[in-house]
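As written, the chain order gives the labels A, B, C and D, with residue 1 at the start of each chain.
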């Protein structure tokens, strides 16, 4: 009887998917993405769009935190760079949106080299600290150069025309974001099974051992940081398009924390976990609102006397609850469920 | 402003299918919606505003509602986060299917919402953060109640220039669109009066310590200080001035014109100037307003009434008046038209407000001065 | 010095430390020690020998109550101090009851001074005792007195081992357990350390539990020797007798005269003892 | 000249606030290896409790101080016991995220219990103006500088002479071995949380008196963080120094250079410091020789 789900050959490791069931799930997910624009109302469509944008950012952070074991608190900063990296060339200079998307990745990637070179030689929390600092400095720089960034007034962003396809309706935007999400997932999966990806895992699990195996820690950490920032930058650009307006106010520092919370809730180190985490955290305020309005007028009356803060408390409790009770996150829950399903009524 | 073209196009393309004009209206009810920061420090503004809207609705419902239908409100909290504003808007329009919007959060949030508002065509009141992009060029369905920060600052600056001729000015503003609007107002005033700015600076939003700024104010010998903060920042600046022993004429702006600020500053708040387009609570009109509030709100809620309650109340009264005009044909088109053309509504707490064919009430402002004794503001003569 | 309470005469007294049929597992799954029994009588020197990974350190962790930190657990059997099961007694209580460990690799507080390191050893002692005990440790290791203000991390290996032993003595242990005290030290230093240990036993009657890979040295001062392999005790007996044992000679003491070290299992005269009889 | 002195004095006062909170970060980090991202929030809550006590006692400064300190310790011990300690075996990221979760709860909770309005603390002695040879300061500003000095002296003495202080350093260096010496690491961690709560609570309350009390007070935690890095994450006394340096730098930058740069000055400093001295000015470089 099999006791767990192990990969036994290199070929299995290199394969993009594990099994037919997994392929079936992917097919279902793709089908769902394709039909969603026809089925969902604008509100749900927007909600799912936002979840997908957040998931792109989450996958980006997952490359750094989940795979390489480095903590970043600079998500906000790189998203801002990505958003402006897109908005300035496309809206101010009139460049093609494709070039904008490329810059939205390249600008944060370049910035991550600047931040990464001095800070990646240090272990532990130091990257968290320098990225935290860089997030604040980026916001400051945006405000300091109004000639380029329009300062605090921000830049309006139109929905783009990509390769002749004009993204116009909410349905179009949904499709655009879905394409980016699928591309990001594919890209990330491919990175994971490459030499670089294996080196990242080695660094995360035992950096001394990785060093002995010939992995140059600083270089590979830098690769992870650059790759992560590129993807996070893309999510920033998508977020800017979603908001139709790019300002530093649109990217509060809280996003950095939410991004980490997302990985934890979803399950560290797994792409599906990052996606699930995004779905969960973006959906949470909506669900709480629904619960509140289910209580009808009495709850609505409470709104004016500050009970809205209950939501904030709830949000914190969910994060702590997951950390305490389900450290593997939603993916862990899913795997447990799977195991029970396969093995029941046996325990092992 | 080239980006506007696209947005306009978008609106044109989508206006047609969005004409399910009487959504939110049943035989017995009319559902209204708003997005507000109800949590976090900005909740000070959002909650007070929400009370004003509910006051107007309660008053209208007590008088029989609109065409016999009861008015109900769905308030969404965005916590002052722009993405959630947009999210909430789509929910209100798409899921709750409200008939009209009574507010779209703060100024930055409202500006970012323009494409969504234009796309849907829903009648929308903007009683908070009246920035010019919201009414220039005017949109069919977006109605801005109040006065722009720029014009308010312009009037305040002209007043101070006349009152303190030849004085040295200091200007401290926030590094965002609000601060930019204030700076523009001063620029405008400079063209009409003699203003000499001896010290000017911007601070980062959320800054708490203003000691170096105020030292520079002192060093520059500033006699007229524009404290362009919102709430905490103004408190910090005035207390710092008190500490340094300088007594310039200090002018603040309406977002922070709440009695709590005076209380938090202490006696040094006596005599600071403020500008606003709604009446102080202690005025006769203000007291009458409180009386009305006591009738429809709980005691707890009355304690949270401030100037935002008045603006929220006035703008909702305008909306209700328009809806009453259209009671027989409660559609967006009719309501938008009625709002634009309707007669002025006089709530007592603001100058009679009307859009007169436009999309902006352009309400006149009053200069007032704080009295610490009574924790109140009174118009200057 | 370092006062050792003597048991009341009569012989019926239980050994100071007794391990009975202990089975220790990590993570509820990995068995590190199985069915080990061992006895350390009052005033004796007991050596526990075995190669890397035999389970010796695990046993010491169980003795000092630090097993739980690594998700380990004494699943079966008991560890008895003065005939009393230690069970889940927290480490500080065990220290208070007279067990001190000199951990493997010394584990000094590298950023603290020598004196602070030594003071830490007497953490559970009163202020008056502390001064007296420190004086006694410096008496035993005059070198440390000279270096008391130095940062421990910068001492030589031998000096660090002295600090580690001195630190353990500060708790006035009845049972001093040393985990690989000779590891990575020059032979001359090892001799000194062993001389000190022998002296502690001879002069002060301190009971010693010596865990070593370096069998030769340990057997010289030990009264009783246990040999552990793969989590089991495979051989035990009085030291003189063990020194004469051909297997031990061949395997540990290097008398076999050729080839690489072999596992004890492969040794010709290997005898499996039925430990449950003891 | 007077301008410079005044800049330095106000820089010192605000720097002392940063310093006290930075010391709180450092002492918890030292004893438990954990960065408590809810430290600023805990200081804010203590300030609010002090406000409530002051309102109830007509601004009696002694009762307020005593009550706030007792509260801060009990609160910290409860948080440590209920939320932090059960996570002791989890990876460091999970533990840090727990404190972030706590911070979110505390922020909302503060507004739930009190309100979103700014308040005056109502302690006359604290907001009274004192003339120090031409430079006017508020009582609470003197108070916070004195508090920092006392805290530094107490910490120096504690770590050098107190056996418990030495034990705390030992736990920081190698907690498993410290346990072998009979140290109860749980108690050391409690002590660290308690001390941190008192220091950040004093900072929060005095800041609230001299400046203002509002639910955005928690941001002081974020502002103090660079100070901890500057001084060295594990250096409690160094963090105090870091706080003063950052407070004064901010004021000098604001006073002579661009005021806009003032708010990020601290973060620019930490990036610079990390490049040159990754362990901070006073942090203990790990000794890796055996």
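Structure notes:
Here is the rule we use: contacts are C-beta pairs under 8 Å (C-beta built on N, C-alpha and C of every residue); 3 or more make two chains touch, one makes a residue touch a chain.
Predicted model only: the values in this text are computed from it and were never measured.
Taken together, chain A and chain D share the touching chains B. Averaging Cα atoms per chain gives one point for each, and the point farthest from that of chain C is the centre of B.
In whole angstrom, the spacing between the mean C-alpha positions of chain A and chain B is 35.
Separating the CA-averaged centres of chain A and chain C is a span of 52 Å. Averaged Cα coordinates give chain B a centre that lies 77 Å from the centre of chain C. Between chain C and chain D, the centres computed from C-alpha atoms are 44 Å apart.
Within chain D, contacts with two or more other chains are made by residues 107-108, 111, 116, 260, 263-264. Across the assembly, chain C contributes no residue in contact with two or more other chains. Contact with two or more other chains is made by residues 39-40, 43, 47, 175, 204 of chain B. Interface note: chains touch in the pairs A-B, A-D, B-D, C-D. Put simply, chain D touches chain B in their complex at residues 3, 6-7, 10-11, 13-14, 107-108, 111, 116-120, 127, 129, 136-138, 207, 211-216, 219-220, 223, 250-255, 259-260, 262-264. On the chain B side of its complex with chain D, the touching residues are 39-44, 47, 175, 201-204, 206-209, 211-213, 215-216, 218-219, 231-232, 235-236, 239, 242-245, 258, 260-261, 263-266. Residues 2-4, 6-7, 10, 13-14, 38-40, 43, 47, 50-51, 54, 73-77, 81-84, 86-87, 90-91, 93-95, 108, 111-112, 114-115, 175-177, 179-180, 204, 300-301, 304 of chain B are the ones that touch chain A when the two sit in their complex. Within the complex, the chain D residues that touch chain C are 163, 166-167, 169-170, 173-174, 176-184, 284, 286-287, 289-290. Contact residues of chain D toward chain A in the complex are 35, 83, 86-87, 90, 92-94, 96-98, 100-109, 111-112, 115-116, 225-226, 229, 233, 260-261, 263-264, 267-268, 270-271, 274-275, 278.
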